[in-house]
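Questions regarding the structure given below will be posed in turn.
By letter and in written order, the chains are A, B and C; residue numbering begins at 1 in each of them.
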Amino acid sequence: MTMLAIWNIDWQTIADATALGGVYALMAVGIGLVFGVLRLVNFAYGQLVMAGAFSLALASQWGWPQWAGIGLCFAVVLALSMLMDRLVFRPLRGHSPAVMLVATFAVAFLLQSIALLWFGPLGKIATSLAYLNRPITISHVDIRKITIVAVVVAALCLVALALLLERTTVGLHMRASSMDFQTARMLGVRANRVIAMAVLVSGALAAVVAVMLTVQNPLVTPDFALRDTIIVLAGVVLGGMNRPIPATLGGFAIGFASGLLGGALPTNQSQYLPTFLFAAVILVLLVRPGGIFTRARLVERV
Amino acid sequence: MRSLVVEHLDVRYGGVHAVRDLSFEVGPGEIVGLIGANGAGKSSTLHAIMGVAPATGEVRLGGVSLRGRRPEDVARDGVALVPEGRRIFAELTVEENLRLGLAARRARGDVAAVLQSVYELFPIVEEFGRRQAGALSGGQQQQLAIARALVAEPDVLLLDEPSLGLAPTVVDIVFDALAAIRDRGLGVLLVEQRAQRTVAVSDRCHVLANGELRVTLGPENANDTETMVAAYFS
Amino acid sequence: MRRLTALQELAGPALLVIVTALLGTLVSISTQGYFTDTLVKVAMVVALYTFVGNSGVLSFGHISFVAVGAWTAGVLSVPSDVKPAIMPNLAHMLRDRTTGNLSSLALAALVGGICALVVALPLMRLSGLAAGIATFGVLEITHNLLRYEEKIGPGLNAFSSVPETTGLRQAAIGALVVVVVAFAYGRSRFGRLLRATREDPAAARAVGVSIYRQRLGAFALSGVLAGLAGGLYVHLLPVNTESVYLDLTFITLAMLVVGGATSLWGAVVGALAVSALDSYLAVAENGSSFFGAQIDLPAGTRVVIVGTLMAVVLILRPNGLTGGREFRVWRR
C-alpha cells in the first residue's frame, strides 16, 4: 500500500476504478459483438445507453416503481437496437468500414439531437435508484453500494455471455461468423439470426450499462454516455477489436486506468485526465497497433 | 437422395464471363468430376450453385429451384460444400468445427449416430476432437472439412480442389473417402486439378475451358492422355 | 487539351465558391452571415479532403488543427489593451504582441501545419481502426489542453474582441486559396502517389512508394489548410473550445462523405449542400420568410432534419452525391 499511497490511491479509488472498468467492459463487449459479425464499429452505441437512461429518468418522473423503470429501459433500448439493425446496419452491410463508421457517427448525432429536441439541453434526473449511492463500510473502507453492484452485475453478465458463446449452438455460430462469415453461411449458419442475436445481446448490455451509469450520474443529458463511448472505443481498439475477450479486457483496462488516474492525479492536474489517458492510448497503439491482448497483427484497414 | 441439376448456367463478374451455358447433372450415388485449367470456371460453378456468385440459368435439387437463395438456405436444402483451401475455423476445436456442420442439418435428433458414421470414415476427426483445428496438418484439416460437410447429411456434396497441397498418401485417403461417400448414396461433384485421378474415380467427368463444357469423359478415358490433353487445350 | 481537362476540375469547385459568394452579396446583411459561414466550412472540408480523400484514411483529428489555427489567429489579433481582461493568464510573450489580420491568418496556417506534422510523424505509421482512434485521441487531447491551458488562450471562455474581418470577401478568398492549393496538390506527383496508395497499397509499395511519407506530407499540408480555415473561423465568430470539437468534426466529416470523399468536387459540393440545407432550416426556425416560403419550425428541428438527411444519404449513397468523381463538363 505504501507504493500506492505515494500515488494518492486508496482502496476506495481502486474499488471505484474496478466498477468503472466493469461497466466499460460491458460496453466493450456490446460494441465488440456487433463488430464481430458485421465488421461495423457502432459509434451510436452510447446513444442506446442514453435512450435507456432517459427511459429511467422518465419512469422515475412518472412515479413508476423501480422494476417498471428498468423494464422500460430494456424495452426501449432493445427496440431501438433492432430498429438500428433494420434501418442502418442492414443497408450498410458490405460497405467499407470508413463509410460504416461515419454513418453510425451520423446516427449518433441524429439520436442526440432528437434527445435535445425532446428533453432540452438540461436533461432530466433519474432518482429511483439513487439510494444505491449510499456507502457501506467494509473493514474501515467506505464503498458505495453501486460500486459493489456494478462489479457483481458486470461479472455476472460476462459469465452469462461466456456461457452463451461457449456452450450454446447460437454462440458457436456467432463465434464462427465473427471469424469467417462467408464460410459459416455456406455451412448453413443463418446470417440474419446470428446478426439479430448479436444486436439483441449488445442492446441488452447497453440497457444494463444505462441502469448502472444513471445510478452513478443521475443527471441524464442528451450527451449522456458520449464521452464514455469514445473512451470505450479506444479501449476496444487497444484490446483488439475482432475477438470478444481482448475487446472486453481492453474495455476493462481503460475504465480501470481512467478510474485510477482520476484518483491518482493531484487535484490541480485532474482536469488533464483526458490528455493523459489519450496520450497513453496513442502510445500503446504505436507499439501494438493490432491490440495489446492479441497476437501482433494489423486489424481492418479504414 | 435427390439429384442436382444444373441447366444453362451463366456466371458473370462485371465484364468477365466466367461460366457459359453450362448444363450437367449429379445423381444419387454418382461422382461427377469437373476439371480444367485455372480460370476455366470450375470454382465459379460451385459458387453459383451455393448462391454466392451472380448467375443466370437454373439450378435444381430434386426438381426444386435453388436460384436466388441465400447460401445458408442452399446448405440447409441439402447441398454441402467443402470449400477451396478447406476454410477450417482454426481457432475453434475440431469438435466445434464439426458441430458447425450440423447447422445445415434438417433432421432432428440422433446426432450421435451421424457423428459415428462420419468418424468411421475419418477416425482422426474423433481422435483429435478436443484439439484446436488450426493445429492439425493440412491433410487432417481436409478430412475435417469433408467430415464437417457430411454431418449435415446432404444429398449432394460439392468439393473444391480437395487434394490441393496434400501429400500423395493423403490424396489416397481423400479419394478413397469419396468412393465410400458415393457408396452411401450421396451425389458428389468433384472439382479438381488432378485430371487423371478425377477421371478415374468419376462416373462422368466434364472438362471445362474458358467457362464452357468442352468434352465429357468416362472412367475408360483415364489412361487416354491424348484425349485429355486435347480437351484441356481445345 | 489535357491541361484544359485538368483545369475544368478546378473550375467547377472554384466557380461554385464564387457563385456562392456572389449570391451572398444579393441578400440581407443578416442572411449574409450564413453564406460567410458556409464558405469557411468549404475551406474546412477541403482541408479535410486533402488528407482523407487522397489517402483513404479516416481522420477524426483534423478539427484539432482548425482549433489550433483559431487559437493562434485569435490570441494574436485580440487588441493588446483588452487582452488582460479576456485572457488574464496569458503567457507574457503572447500578451505583448498583436498582429494584423493577414499575418494572423498566415501564422494560423503555419502553426496548424507544424502541429499536424508533429502529430503525423508517429501517427502515420498506423492504419485502419488504430489510426482512426489515434486521431480521435489527438482531438481529445487538443480539446482538453485548449480548454484548461489559460497561458495560450481564453480557456473555457470564447474568443471575444477578435476583429471580425472574415466577411463574405475574406471567406470567399480563403476558400478559393484552399481549393486551389488542394487542387494543385492533387495534380502534383505527390497527390498522384498518395492516391495510388489509396487504390492499391500493395502495388504502390511494390513500385517503391513510401506510404508513410506520402501520408505524412498530405497530413501536414491539410493541417496548414485546416489552420487557415480555423483562422478564418475565429475572425468570423467568437469561437470557444466546444465550437471546434465533436459537433464540428462530425459535420465536416459528414459533409465530405455526403459530397463524395474521393474528389475535390465532392468535398465542395458536400459542404455547400449540407450548409445550404442547414442555413435554410435555421432561417425557417426563426420563422422568417426565405425565398418566398413562409415556414415556422420549432427550435431544434433543424439539427434533427439535417442529421436524418445525412444519415439517409450516407446509408443509401455511400459514395456521396458526386459519386466521388471530379467535376467534368466533357470527358476525354
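In this section, a residue touches a chain if its C-beta (ideal position, glycine included) is under 8 Å from a C-beta of that chain, and two chains touch if they have at least 3 such contacts.
Being a predicted model, the structure only gives us computed values, none of them experimental.
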By C-alpha centroids, what is the most central chain here? A
Among the chains, which has its CA centre at the largest distance from chain C's? B
Would you indicate which pair of chains has the most C-beta pairs in contact? A-C
Taking each chain's centre as the mean of its CA atoms, how far is chain A from chain C in angstrom? 31
Which integer distance in Å separates the CA centroid of chain B from that of chain C? 55
Need the CA-centroid distance for the pair chain A / chain B, whole Å please. 43
What are the residues of chain B that contact at least two other chains? none
Residue set of chain C touching chain A in the complex reads 56-58, 122-123, 125-134, 136-138, 140-141, 143-145, 147-148, 201, 246-247, 250, 253-254, 257, 261, 298, 300-301, 303-304, 307-308, 310-311, 314-316, 318
Residue numbers of chain B touching chain A in their complex, please. 50, 52, 70-72, 74-76, 80-81, 83, 87, 89, 91-92, 96, 99-105, 148-149, 152
Residue ranges of chain A in contact with chain B within the complex: 169, 172-173, 175-176, 179-180, 182-191
Mind listing the chain A positions that touch chain C in their complex? 41, 87-88, 91-92, 95-99, 101-103, 105-107, 109-110, 113-114, 116-117, 226, 230, 233-234, 237-238, 241, 271-275, 277-279, 281-282, 285-286, 289-290, 298-302
